[in-house]
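First the structure, then my questions, so here it is.
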Amino acid sequence: MRNNKLSRSTQKNLVLFVILLVLCAFFYSQNNRFITVYNLTNMVRQSLPNFILGCGMTFVIASGAIDLSVGGTMALSAMLYGYLCIWGINPWLAVVIVAGFGVVVGIFNTVIMEKLQIPAIMATLATWIITAGMAMSVCKAIPITGPELKPITVLNSIKFGKIPLALPICIVVIAVFLFLEKKTILGKYAIAIGGNDAAAHFSGINVTKMRACFFVLTGVLAGLSGVWQVARLGSADPTIGTGMEFKVVAACILGGVNIKGGEGTVSGVMIGTAILIVLTNGMQMMDIGSFYQDIATGLVLLASVLINSDSVGELMGKKAAA
Amino acid sequence: MSNQASALNRGIKFTADGVQNLTIFCIFLMACVVGFILEPKLFFSPSNVTSILVSASSVIIVASAVTLVLISGNLNLSVGGTGAMGAVLFGLMTRAGVPIVLAALLAVVLGLLAGMLCGFIIAQFKLPSFIVSLAFRYITRGIALVGAGGAVIFGLPAGISKIGMTIGSIPLPAVYAIAVVLVFVWIQNKTVFASTAYAVGANEPAAHLSGISNRKVVMSVFAMSGMLAAFVGVVITSRFTAADSGILSTLDNDCIIAAVLGGTDINGGRGTVFGMLMGALFIVVLTNIMNMLGMTTYTQDMVKGVVLIGAILLNNIIRKHVRI
Amino acid sequence: MSDHVLEIKNISKHFAGVKALDDVSFDIVRGSCHCLIGENGAGKSTLIKILTGAHPKTSGTVLYNGKDFNPASTKDAMKAGIGCLFQELNVVEKLRVEENICLGLEETRFGIIKKSSNQKVFDVLRRIDSSIEPKQYIEELSVAKRQVVEMAKALAMDSDVIIMDEPTASLTEEEVKRLFEIIHDLKSQGITIIYISHRLEEIMELADYVTVLRDGRHIATKPRAEISGRQELIQMMIGKVIVEDYVPNKIDENIKLIELKGVSNKKLHNISFDLHKGEILGFYGLIGAGKTEIARAIFGADKYAGTILVEGRDVKAVSPEKAITNGIVLVPEERRTQGICTSLSIAVNTPMMNYRTVSHKGILNKKQQGRLAREYIEKIGTACRDENQSVAFLSGGNQQKVVLSKCLNVSPKVLLLDEPTRGVDVGAKQEIYQIIRQMVKDGCSAIVFSSELPEILGLCDRIGLLYDGEIKMFLKNDEHVETRHIMSVVTGGVENE
């Protein structure tokens, strides 16, 4: 009898998806170059880090924490990658080393959060400041370039017909995370820890270990995002992560992740990320100054957090009942 | 208890706050000594002291209010954006011929309103301050970018430089910073409002059952921080006679670092404006020393992050051992 | 001996000098429903906390399946096979039923959950309640069904003892029946149930054995067959009530300070009563009877339907702030989370309800604040270093005195006291009673909400008996009051039993 009823998160995701379609239709009506293979794939190419970081951040926020250090980690990873290549290390081995660096950052975040017993927001804020500062200081704020960075840019230039490699990468990453969410303990435990950490603890879940897993996930993804930006730009730029942490968090909130934990889906966050990106890109194509994008992002974030809040929900429920 | 005994007790009391203030004060003094040893002629020269004060002024002014925000158990990530918004609005108005004083006043009032609205949404809908102020960070910075066309507004009337000028050898921003700190030390110590902020931050349900309005407190602290952020934007604009939409990009973090260094508890209910002042000055002196050592500003940012972790660690230790 | 799943031998537990459990010994038979009863503070929850590893015991031994049992944490106890249904449900709302039951028990390979995990869930659920779909989300389930999920989880962990602490507190009659059926089923499968409830009807229906605790001591363990009826249980639970020297207050029946007319909300049904000037009104009821809810409604902290008049005016109580200006103050039930700001000093806590006496136009006078705090420290006898001491470092009794100082300096007309002496040692209790009596003598009125009968009988002029959100009856406090009768009413008995 209840099998045809959709779960609440699926309903939310459907609403978000409809909003995404409406936005796309609107921008298409304003400028029909909006929906072209080139533009759509280009959006993915530019925003690949937003998508893949969103996947990891879903787990972190759903488990009741937050990771503000991703922007800094991303920038520092890009620098690290650049230097590794210049030092003559095989560019593909360098990718693995950078991923390992992401693991270290994740563990560092967990250690200061647990040892100092401070909220995740403060712990990762400190990491953010340190990593972002380090990224800028190693290169004195000047992007590093060189022929050694050439091999990795192949990731950006490969195309299958009209489709750039970014699209399959994005799809594979999302698929992997959907799998992690639905089929492995990672997804279940994130929701359990964020929703009721006493229950999680009593069920024998090692909460600290799981937290470390989630932070390591975002750390590794931030590292790989840094590498991707090197591939896309052909240089290692220490400013590539600026503002990234908040863009990703905003996409998570918009995608229905509860900022207090216990709720959130990868699919929702992906739609949320897509909405923010379509909004940015569409406004650009309408020749609305790119400066309006920040205002739009802020308003969308505010609206989504208001709609998801209990007290507003209560109010709306009451109106519906009356 | 005899009066004498209680007087004696009061004479030697050291609360956790007191110990914290003393600690950060000592650390600050030590930093000064290090600076003096490195550059005996330069460090205490009037020009260096004023430059320290000027560079600390923005953080000191805004963090005075942000300390109260933290004490009330909230976080404000929108002060940088609000500052930039204030700067740009001030620039636009003066360029359009609005009298300078009126323009400054309007910009500050708009900052206040933005902060108040942010606080209202947080308290009314019981939302995490982090996320709401993040939204306001985008909105206010966006307004600044739109107003300045994503860049800097030049061609402002020369008269505006009076707001931030240096009279004799005394820079006005430093004067503002001292005045604001004095006012906020007074507010924090002497007003009922501050007491209610501490109560809300320490235990919101208990404060509610004592008839203290969470909404009033949160709206007020956010309004104050918005107002002071816009004021700082105006002062910076007047010093450069140009309104830059990209200013104060690290102000949010800097305010939090200064307050936490000064012993403010990130979970709310504890902290002092005096401690924040010492924290902010320490950071600037540290920066000064790092400049002398030839470190880049970026390396200095990194050091700030380490200092933040150290400060939290120190606070934890003091809280654990000073049990009064 | 193997038919005793648990053997409790000479268990004692001391909290800071207070004996919460004193040399308690009894055995629990495998596959039985063993009920644990006693008044609040009798030691039931302490005993449960020892069995589930939340507290270490001071002395004594517990044998579980014949082996020494010393769980270091609730997690340990659960792993060993002692499951517990807490009053705060331990389920994750946003996960499915099957996911909740398997949580922490998943069979995995490299973190990937194997399909075979689910088979166990089907089995376990079928054993107790087949009306619950494993695919349902917890948020779609009623409280009763969430409990069933918790039981299923305990079974999935291979528990052979399940502790249920007031499981029927928020269930409907139908759901209670269903729960009892489940308990019978579980027993027939060899599972032992330790059941704690204040509702004696339930005990009489369910129990195979009943253990009565009183003041931390073991009074009796009897098979159900040897118990004649509720009256016997009540007799064992309350023993001899030592009533404090109750002195009637001077009541002015003509002045009604507070009138409630048909006040209802989620927890309350049609509450109506008057509070007269100079009176101490008492509300007695067990946990979950609605005491706190009445206090919070009068204080404006909760919404309600119906009317509350304060001195004849309809207050439509909107907030505690308004209530305080109307002269009503509340000493809340939970001191630490609702009463005081522990990180702040006594001096800062004291004027929190009323800054007028220590401030002028919003500016605080620290000298006056200190003076006020010292005045109340002396008046109430708070033991502390000085007024600048952090409240966190005071004992429970002294913290409660700080809460009283906070309330009293408002010069209230009505004092609402919700469990005013919970977690307070005996000496401080008497002092707090004296303070309340003195306040009323000085022209204040009070309503005491308590689950301690001696407290109510020692203080109050009139006693309202609460059961399940309703006022069952009012009694005048005099020598004719029968404690047995009171216990009977608040445990859900019929009046004329």
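By written order: A, B and C. Residues from 1 in each chain.
As a working rule, contacts are C-beta pairs under 8 Å (C-beta built on N, C-alpha and C of every residue); 3 or more make two chains touch, one makes a residue touch a chain.
Keep in mind that what you see is a predicted model, and the values were worked out from it rather than measured.
J.: Which chain has its C-alpha centroid at the greatest distance from the C-alpha centroid of subunit A?
T.: Most distant chain from subunit A: C.
J.: Of the pairs A-B and A-C, which shows more C-beta pairs in contact?
T.: Pair with the higher count of C-beta contacts: A-B.
J.: Can you work out the whole-Å distance between the CA centroids of subunit A and subunit C?
T.: 45
J.: For subunit A and subunit B, let me know how many angstrom lie between their CA-based centres, rounded off.
T.: Distance between chain centres, rounded to whole Å: 30 Å.
J.: Enumerate the contact residues on subunit C facing subunit A in the complex.
T.: Residues in contact with subunit A: 74-75, 78-79, 88, 90-95, 99, 103-106, 108, 111-113, 133, 135-137, 139-140, 153.
J.: Would you tell me which residues of subunit A are touching subunit C in their complex?
T.: By the definition above, subunit A touches subunit C via 2-3, 7-9, 183-186, 188-189, 191-192, 195-196, 198-205, 262-263.
J.: Quick check: in the complex, which residue numbers of subunit A touch subunit B?
T.: On the subunit A side, the touching residues are 66, 112, 116-119, 121-122, 125-137, 140-141, 238, 246, 249-250, 253, 259-260, 289-299, 301-302, 305-306, 309-312.
J.: Which stretch or stretches of subunit B touch subunit C in the complex?
T.: Of all residues in subunit B, those touching subunit C are 1, 6, 9-10, 13, 15-16, 189-196, 198-199, 202-203, 205-213, 265, 269-270, 323-324.
J.: What does subunit B use to touch subunit A in their complex?
T.: These residues of subunit B touch subunit A: 75, 121, 124-128, 130-132, 134-143, 145-146, 149-150, 245, 253, 256-257, 260, 266-267, 295-296, 298-306, 308-309, 312-313, 316.
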